[in-house]
Structure formats: C-alpha cells, structure tokens
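If you scroll down you'll find the structure; I have some questions about it.
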Amino acid sequence: MRDTYGDAVTLTLFGESHGAAIGAVIEGVAAGTPVREDFLASQMEKRAARTKLSTARREPDKVRFLSGVKDGFATGTAIALTIENTNTRSGDYAKTANLARPGHADFTAQAKYRGFQDARGGGHFSGRLTAPVVAAGAIFLDMLAAKGVCVATHLAQCGGVSDAPFSEDPAELRRQMAALNAAEGPLAVLDAERGEEMRRAIEAAASEGDSVGGVLETVVTGLPAGLGEPFFTSVESKLAALLFSMPAVKGVEFGAGFGFASLRGSEANDAFIPRAGRIATATNRNGGVNGGITNGMPLVMRTAVKPTPSIYKAQNTVDLETGEPAVLRLEGRHDPCILPRARVVQDSLAAFGLVDLCAVALGVRWQEDPIWSTV
Amino acid sequence: MRDTYGDAVTLTLFGESHGAAIGAVIEGVAAGTPVREDFLASQMEKRAARTKLSTARREPDKVRFLSGVKDGFATGTAIALTIENTNTRSGDYAKTANLARPGHADFTAQAKYRGFQDARGGGHFSGRLTAPVVAAGAIFLDMLAAKGVCVATHLAQCGGVSDAPFSEDPAELRRQMAALNAAEGPLAVLDAERGEEMRRAIEAAASEGDSVGGVLETVVTGLPAGLGEPFFTSVESKLAALLFSMPAVKGVEFGAGFGFASLRGSEANDAFIPRAGRIATATNRNGGVNGGITNGMPLVMRTAVKPTPSIYKAQNTVDLETGEPAVLRLEGRHDPCILPRARVVQDSLAAFGLVDLCAVALGVRWQEDPIWSTV
Amino acid sequence: MRDTYGDAVTLTLFGESHGAAIGAVIEGVAAGTPVREDFLASQMEKRAARTKLSTARREPDKVRFLSGVKDGFATGTAIALTIENTNTRSGDYAKTANLARPGHADFTAQAKYRGFQDARGGGHFSGRLTAPVVAAGAIFLDMLAAKGVCVATHLAQCGGVSDAPFSEDPAELRRQMAALNAAEGPLAVLDAERGEEMRRAIEAAASEGDSVGGVLETVVTGLPAGLGEPFFTSVESKLAALLFSMPAVKGVEFGAGFGFASLRGSEANDAFIPRAGRIATATNRNGGVNGGITNGMPLVMRTAVKPTPSIYKAQNTVDLETGEPAVLRLEGRHDPCILPRARVVQDSLAAFGLVDLCAVALGVRWQEDPIWSTV
Amino acid sequence: MRDTYGDAVTLTLFGESHGAAIGAVIEGVAAGTPVREDFLASQMEKRAARTKLSTARREPDKVRFLSGVKDGFATGTAIALTIENTNTRSGDYAKTANLARPGHADFTAQAKYRGFQDARGGGHFSGRLTAPVVAAGAIFLDMLAAKGVCVATHLAQCGGVSDAPFSEDPAELRRQMAALNAAEGPLAVLDAERGEEMRRAIEAAASEGDSVGGVLETVVTGLPAGLGEPFFTSVESKLAALLFSMPAVKGVEFGAGFGFASLRGSEANDAFIPRAGRIATATNRNGGVNGGITNGMPLVMRTAVKPTPSIYKAQNTVDLETGEPAVLRLEGRHDPCILPRARVVQDSLAAFGLVDLCAVALGVRWQEDPIWSTV
C-alpha cells in the first residue's frame, strides 16, 4: 500500500478524486533549492489543457504549500503540497456506481479494498492524482534545468497519426524541445500539420462516443554518463516504474525498443566515436543507456497510452453488487484522449526519476563544505 | 548503488563475472517454505541451455547455500547462495580490454566507476549475474505454484520469426504452459515448426558473425484479483522494474501494449462478464491488470530483447584510454541469441515480483496464529 | 532528509511550527480499519495537557483528514491528515532570532539548512510536530487494542521524584494501565501522592525560571511471542529509533536497562516457567524481549527526557550572524516540563512501531481470502 | 525478516553459527574507496580477543571477499564477504537442545520460526554474526578516518568497576582515543589500574560459574555540524537502532543520557561559545547532538551490555518440546563477559551509522565531475 517512490528523493501521493483534497509530500529536496511558483502554475495549466478536445470539467488546480518552502526556496525539510477538490459533481457518477466500468479499476478496487474505498469519480485511481505529480514535477524539472538537463515530450502517435521524429542534430533537437515546452496549444507535436490530423482523428472518435490512444515520446538531453546502476536500479528500471504508474500506460520502451526484435546485432549496436573531445555514439538506438547506465547521448523513452476507457458507447459489464450482467452507458464529462494532458505528467515523472538517479549515483561522499564545524 | 529490490521480500545480487563468486541474498522468505534443490538445478540447466546455438562456454553452475536453508526448508532468516566462478578464460578478453564494445557497458562503467571496476568478462554487467537470479527464482516459482499460480514464457518472436500465440481457452493455455516448462530443448516455443524457423534464423545470423533479438512473452495464471497498488507500486511498475533489470531488455508491455496506440476505446476495453460464479472479462487486452491491480485474468507481459551486442563483425569504436578511434574485432565465445537462455530468467524475475506483490497486498494484519504467547 | 519511518506501515511527517500547517501521511493501514475520531480527539487533549503546569499557549489542534478515511473506516489508500497552525505569535520569537538557544537546534539547523530553514518557533524541530504523531498514534493504538494489546505510560521519574513501579501481578497491572489511560489530570502517575510531589517540584523549578526532566516508562501487554527480527529489525532497534525521534529524548532502555551493568548473569537471567499452558518467565528483567524478539511477557521500555531547554534564566550563547558571544533571555511561553504531554507521544510512537513489527513479522503469506478471483 | 539496514549505504547480514558460512553484503561504497585488508584483519583480531578471560573457542575468522573489491579498492558494486564456519563443535550444544536457555533467544526463535530455525550454537542469533559486522566496520572506519573522523570505545563500566572518563581537553582526548585503538590487551580502558580491577571482577564471577556485564562508551571526534535529520532519521535514532542490534545491548544513551532525569534545565543546557573561529559548546551534556543533528562537539554514546546469559550455574527452565519444567546445566565454552570483544563491534556499528548519515545528509546534489559526458 505504498504510494511512495524513490531512494534519495521520495514522492508520496495521497488523495481521492472526490475527497477533501489531493496532494503530495516530497522529501529529499536540498535546502536552498529554488521553488518557482509561476513555473509550477504554468505546468498545472498544461495539465489542464483547456481546449475543445478536453472535457468541459474545469479543474482550477491551485496548489498550496503546507510546509517545506519559504520565500521561494526549499527549507530542506519535507515539502507538503495540497490541492483542494472543489469543482466536482458527485451526481455525475451516482447512477453507475455499482457497475464495473470496463478498462477502469472499479472491479479491482472492490477486490482490493472490499468496499471501503472512496469510489466516487474513480477515487484514488482517478487521473486527478496526476495533479500533485505535476506540481512536484515542476520542482524536479527546475533542478535538472539548473544543471543543463532538459526534458521534453511530444505525441509521437495519436489516433493513428504519427508525428515527425526528434532530430538527430543536437542544435535542431534543442530548438524542437524548447518549442514543445513553450507550446500554448494542447497538442504538443513537432509537426503542426500532423497535429491537425491528430485533432481531427480525436474529434472523429469523440463524435462517435469513442476514444483514442497513442504514444508519448520523451527525450532528455544534458545528462552526464554514469547515472544509474546495473540491474535493479538501472535507468530503465527506475523510469519504467515511474512511467507505468501513470493511469493508462501499458507499455514502455527505450531507444529502438520493440523495434530491436527485428534487428541484427550489426544493425542494433551504436558505434562509439570521438566527438569534440568526448565520447559519443554514431547512432542512438540504445536511447542513451548502456547496461542500465547513461552514456551521455540523449535519453529516449516512449510510453504506450491506451484509449480513455470512459466512452459513451454502450458497454457490457457486471453489477458488482449482484454479480449479474448489465449494460453501462456513461454520462458526464469524459476526455476522448488523455495524451495532450498526459505529456506534462510524463515530463514530471521522468524528471523525478532522473533527480533520484542523480542522487543515488553519487555513492557515499563527504560533505564538501562542513560549515560551522567546531574544534 | 543498490543491487537490491523488493519491499516484503528482497533480493540482493553481488558478483563480477571473473571475480571469486557471484551470488544473492534473499530476505523475507517465511520459515518453513520448501526449498527444492532438484528443481533449482533444473532451472539452472534451462539457463545453461546447452545446444549448438549457445556458446561453447560451459558454465557448471553449482549453487551453494551458505545460510537460511536447513533440511530442505527455509529457516526464516536470510538465505545466502553463491556460485563459484570456475570456468573462465580471462585471456579471451585481454586483447580488447581498452576498447569500448558497442552495445555493452564498458564505456558507461568507466564513466561510473572511474577505472575501479572489475571489467573482465563484462564484470558486474555480465549476463552471468542472471545465474543467482534463476537460483532464487526457483524458490519464488515454487512458492507461487504452492498457491496455484503458474508462470510460463515462450519466444514470441525471434530472428524475425513469430511463434503461435497463447490460447484464450483456459484448459489449452494450461497445457501450453506445462509443455513450455517441461521443454527439454532450448527453444521454448508453442509451435515446433516456428521453433525450427527460429533456429535457422539464428544460425544464419551466426554464420555471418552477427546476432538476433526478439520478444519474450510471459503469462501468469491463478492470481487472485486485488494484487498491486495504484501508482508507484502497481503490478506493471514492479514487474517492469524487474524485467528491465535483465541485460538486453529495452522494452516492456502488458496486454495489447504498444498495440493500444492504434485502437479505439471501444476496441480496447475488456467487457466484464460473469463466469462460473466469479467475474472475468470477455477479452484480455489489458493483460490481467486494471488500474495497476490484478483482475484475476491471465497476466500477460512481453519484453523486447535486443540482439546480443557481442558480434564477430568488425565494429567502429573508441579506445577508452586514448580517446582515439579504433576497430573492434571480438574473439572468444559469444551467444548469437540470448532469448533461449533468457526465458527462465524472465520467469524468475516475474515470480520474484509477484511474490513481493502478494506480501505488500496483505496490508497490516495480525499474526493469526500467536504460538507460544504467554499470560 | 527523510521524515518517514516504517517498513509495512509508514509514517511521514511534515510541517513547521509557524508554517501553514503540520501533518502526516500514513501508508499501509488496511482497508476497513476503524478510525475513531473521538478517541483521536481525546488523545490530542492529553497532548495539550491544559493545566497550570503547562504553557499558557492554547493549541486548538483540530485534525482534518484529507484522504484515506471514509465514513469512519480506512479506505486502504494513503491517509493524509493536517493540523492548521492558527494560534501562534511570531512576535514571541523575533527578538532572539539570531541567538542560538542552548539545548535547541537553532545552531545545528543553521549548519544543516544554511539559513533556508523556517526557524520561527523552532520550525520543523518544534515539539509541535508531535501533534500529527499523536493523531496517527490514535489509529495505531486502536489497531493494537482490537487485538488485545494494551499500551500505557507513566512518569516513572520527574523533577527528582520517583513514581511507584508497575505491578508484576497481571490483574493489578491491567488495572494500573486502564487508570493511566483514563486519567484526566496531566500527571500520569501510579501513585497520586508521588504525583503531587512531582507537581511541587515542577512548580519550584518554574518559579526559578528553570525546568526539569525525568523518565517515561511504557509497558505493553498482550503481545504474542515471535515479533521482531534478530539484529537490525529487533524490537529494541525499531522502538528505540522511534522513541529517540521525540524531541528531548536522550536515552532508551528495555527491562533492567542500564541496571544490567551491575548484575551478575545469575541475577539478570529470567528463568522460563510454564504458566497456564503457556511459557512465561519468573522475572522480567529482559523487559519482554529475548534476542530482539518478543517472548510474550510485558514489554517494558523507558526513555530519559531532558529538561526543557527553554528556560527564563540568562544563558551564554553566540549570535549566529556575527559569531560573537551574547546573552540570551527568553520570553514568551515555555513549558517547565514536557513529560506530562510527552507521555501520549510515547504511547503513539510505541504503538506505531509495534504495528509495523506485526506486519513485518508475517513474512510472505498468501492472501487468505482471494475475493473476486476469476476462473 | 530484514537483516538489512541503511539508506545510502546498506549492510545485509546472513548466516547461522553452525551453518556453512556467515557473511555480509555491503552496498553503496563508492568506487575507489580503499579497502585495507590488514586493518580488517587487526579488527577481527580485536574481536577474537584471545585472553584468558575469553572462551577457549578459537575462531580463526578469515574473511574472504567474493565481489566488490579489486586490487585493494572498492569497485563500486556490491561487496560480498564471507567467513567460513570451521571451528565448531556441535556436540557442545546437543545435550541441551530442547531446553530454552534463560536470557537467550531459543524460546523466541521457536515462537518465530516454528522449529525451522537452525538452532545449533544459537543459530542466527549467535554473537558470531558480529564477525561480518566487524569486517564491514573496518571499511567504514577507514572511510571516516580519511575525512578526519575518529571513533574509539572503552569499557566505561565492567563487573561493577568504573573506568576513568574521557577527557574534555581535545588534545588529551585524541591521545586517549589513539591509545584505545592501538591497545593490544583485551580490556580497552583508559586507566590501567581500573582495567586490572575489572579483570579480577570478571575472573571472580567466572570462578563462580557466573558472568558480568557493563557499559561501553564510544566517542567520535571530527564530525561536522549538520549531520542527521530531525525526527526519524536523527543521529540518535540511527545509531541507537544499530547499537541495539548487538546481542546483549539493553540500553542506549547519548551525552548525559539517563543522568538528565535529575538535572535542571540550567544544569543540562550546553552554552554556545566561540572557539577558534568556529562555534562550540562550553559543556557537552548533549553528547554532540542537538535536535537530532550533530553540532560538531564530540559525539558521546553509551550502551548497557547485560551479563552473558550463558552461565554454568544451574537454572530453571522449560523443555520446549514437552512444556515441562526442567533444570539447565550448560557445558561447553562460554564467555564470562562479552564487553572486551564487543567494543570493536560497537565501533563498527557506530562507523556504519555515521557513514550512512553522511550520505543521507548530502541531499540532492549534482555529480560534480561529469566524466565522459558527451556533446
């Protein structure tokens, strides 16, 4: 029953969609780390993604820091942040309370919590719990940026449409990443036309009371080589554990990922080459990771995001109280595609994992600046 | 620097390929759990996979228990097991010691350990470290089997050839799983003819001094609904973290996985149906997991395994000492495909993750049988 | 930087004395566990200990549950509780802000957090952080009580006065424990006359602008034998770690504790005897623990609580900004003795540690009641 | 069931007294850390303490590194060390196998492990498990020494005799600590005459078939201020958890410890004073820790060590198989006093806790020397 993750830096989530508030506790952020509340607010905006595509439900996510932040800097103690649940309409969910929604966790939550769970609006399983993740993520992204590490995510695939790929040229890649992170519109893509096709595909599905999924691709630049550990604390292990925590993610791959299955070794290996006094690779099919450890090339990961389970079409299901078959017809407000909003969640989770990896990778080191030590 | 994983049950790995010995420490196994050394030996045999396909290197992996097991039962204290490194030929690696092998961790280990690592034979990154994983896995697989949970893995894809799929009929599925686990031959497949095609593809690549990869698919039956936690301790998060710890795994997916990207919600959702007094789903695209928690349907996961990086073709690389370009021509004994041997490693890791999930899912419960309590 | 403790059940604290709110997140409480808010309120009352002895500062500690509790039962997900900081007077602390208060953490916090800490009122180091501990403790005490385990604490020593000891007769012990837990007055003692002497000693010190310390003794009955692990997760290790987390605790002992130093083995050992069909010991110098594991006899532990560092007498110190000597004269509201209020904190921490021990001791066990499992 | 402790650096113990081997796995030691096998051997010598006082049992503890050390330096991966159990005489224990030895863990182990435990020689509870602790401790002590941190322990009390105290003069203290660590004789004391009295007291008890206990006092110098965290990861919490893991420790105190119970605040507080450009305290009753964090003054801790439970006098007990009363008369080889040997164990555990505290205290910091990073 652990909603906590991390070794040196930990993140604990709490809250139910229709409970009093949701939030998170972040431990391990060093005293003096800047906490920019305006950047945090802009990240929350990206998550809210107010467009015609998203649901009409307005979620004014105002983040309140209860502890750990003073005058814009982390105090070094636990940072607790909460978001009150104010704009909910329980009525939307009442009519279907006993029916197990296909693709959702109603049934499994019942199996696990025996009826004690707060099931309204999906309860603890609601995508709403990604809000504190994004709030915390803002702090982690800033910590990385301060060290020259950049993170950006685009919708590599959505509704059957593929976006253009990230560039292999470092300068062009930087430009693409900056554009993604500055993007106002909800569809974070590299090619605007593909974005338009995606929009049409999403709307087409929505008009049929259906939903679509896709693939989110994240790239991280500026990492030094040497982060991560072989085996259980490998870069892939840590990041995958975090990425799979997102509701709706059913696949994670790095570099060529499942594409490796069709390659020969000679096609898969990345040759090492000297570049500007350092070591790089000629290609990057390994996505920046060798043996679970970063090699300094851009870190590339992708998640498979399934279509939103909540659709308006009639679905066969079972009544959890009686065990009898039933037909579910959802009402209320449901997103036909969560990718536009999920991309900033993925940025946040990746940032968290990388900050934790940086700390773990340090090993045991002495405090370099023993202030106030005495004779 | 943590080679330890798990919450209630933990597994700690140690060892370098050419060091004195490799091994593992397993904590959390309840007193009285049977430890069948013959089953353990047969699992080690599967890992050795002595066929014409594998390398000529014979690894007589004899497992020695240093603690925690007495008269065939776990004592309840830490179980330490070791495997001596006896059949190694350091000479095989000496000639190329300074060159970073593409696809391997030579460069990243140098970045991380600054030259202090034991690099012979891949050191701590060697696939050899999967030997103690398989030894420990035998204990975990037995614990699951005692509760009616079965695990089986086949080569879903290898060298461009696809195996037949697992059956959706429970009885046929059981038969397929039993056949896989009993299989003598190195290629664990459901369709013998496909197996033959795979063999030819592997040999074709080997004859060209190259290698191939593929996809391993694991199915688990008999799990109750309710295991796992939402978010960070979800079934996918835990199992993915373990699966990605295997050398060469670059992708993990559950159920339809990356296939979800092309589906509509109406095609992706699994309808709930009553079946034999319980609740099941009509389809199983979610691979047995909803909201990070098991729903009782077969758990289905797949890993993308990249082609063995060690190939005999000449490769461009860099000399780690001088930073200058160089050409690498490997000699020695290298596997053209690791999938035949990796499948039992995947079984073992999956078993470990599931045993740990069962424990975590228990929550806080009183010791049901307070023996020897006093007045 | 970890304010989290526990293995199966974890408790995370956050908050600064003069920040927005303080609170805690509790993970691992099983779904369906009752949460009695009236009992919780009475425990908070005991901590507030409104008597002439305590400070005039009124702390209306109203606990608010943000998540994890619904209709009086735990949902099985993370329980977050907060307590707003409403009745504070920052002015009390402003005048001495730069001076390191002897016995307090002003200097060490400056060394650790480099000035980024929220130092008002002691910040994160304030005894106020014991409020969420007591709130969480109420849940843990109830969980133990439901299984027949009782916890009680008295002021064994205070201001140089010793209380009567706990009885060795089980029935009398039960009566004493019930009386302690029902006690209205702030001084939880077994002998009312000794309590009066203590009161006079506290007031004598207070009238001189000074403070006193003492010893808190906790006894736990009803535990089964077999809880705890040898070495690092021994009963003493876990409970001591928790007891030492209380501000002002500088010593912890079990059973005869430091008294053992003067005993011979023949005087120290507890002989085993049969009693009512079970096994007990004739004496209990080992305080209910052998080899780090409970033996079923009453668990007995004591903490040494130092005198409140905040006294009104002038004290020599240093100005943290200038490094120059200075004289500190505290004003404001300070407790001459924290033992009356600390005893319920000790109950709470002991309860937390025992609940966690019970869970860890279970080992790996199958979920006994696989509800909703499917074919 | 966790024999593992630590956050950044972890130590896992395994082994039974009469099993194949005992050992430990240490994770988190940075690559390049020197591992001096001669110092390790001298520490093992201290633990063996071959004198007339100790038992005749000769334990040739030869430590073998299975992994993690190469050419005298840590590789950065897990360090596994083992010690074979070669010099045991199972016969010594056979006659009393069913009888619960008072003060020992026979009964509690039976309650916990239901008969599956390896009980010979005390099994996993044997003091023998301190051997790998001392081996690991040698590495930690060296790591601390490299940073100017010194650890030393003396027998503050033994058999009713008190040693001279540690000096408050820094130069004299350093001399005393060096003498303790260089001491050849088994009784690590500051005053040789007191040591002789102790020797006579131990022999007097031994001649009567009895045993004695005492108090071990450890002082640590050279620590910077700022280590440790408030509450659960306080210096006292971490070190106490480790010290209480030693067999026979029943009390831990810091600074004045239980002596605080009799002091007024004005007598207990340590005034801050400037000293040589830094901040120190005029007295050190708080033992170098304020609010759970080091303040730079010498860290002072004491453990209460109970008399060896194994005595030759007849003792009343119960037969674990029949539940009937019985009389126990031990034979074999038993130490009349474990303090001479335990002091190096206490050094080792303290060193381990401090190394872990140093790492945790670092917070999240970037890898200062990004070697091999690429463009």
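Letters A, B, C and D mark the chains in the order given here, with residues in each chain numbered from 1 onward.
The rule is simple: a contact is a pair of C-beta atoms (placed from the backbone, for glycine too) under 8 Å apart; a residue touches a chain by one contact, two chains touch by 3 or more.
Values in this document were obtained by computation on a predicted structure and should not be read as measured data.
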Chain located farthest away, centre of chain A as origin (C-alpha): D
Between the pairs A-B and B-C, the one where more C-beta pairs touch: A-B
Rounded Å distance, chain B centre to chain C centre (Cα mean): 45
Rounded Å distance between chain A and chain C, as computed from the means of their C-alpha atoms: 39
Length of the line joining the C-alpha centres of chain A and chain B, rounded to whole Å: 26
Shared interface positions of chain A, touching two or more other chains: 1-4, 7, 13, 28-31, 76-77, 107, 111-112, 124, 224-227, 230, 279, 295-296, 361, 363, 371-373
Residues on chain B engaged by chain C in the complex (per definition of touch): 7-9, 28-31, 33, 76-77, 143, 147, 170, 223-227, 230, 275-276, 278-280, 295-297, 355, 358-359, 361-367, 370-375
In the complex, chain C residues that touch chain A: 1-4, 10, 12-16, 19-23, 25, 27-32, 64-68, 70, 73-80, 82, 107, 110-114, 116-118, 123-124, 371-373
Chain C-touching residues of chain D, taken from the complex the two chains share: 1-5, 7, 11, 13, 100, 102-105, 107-109, 111-112, 124-125, 129, 157, 160, 205, 210-215, 224-227, 229-234, 236-238, 240-242, 244-245, 247, 249-274, 277, 279, 281-282, 286-287, 289-296, 304-311, 313, 315-318, 323-325, 360-361, 363
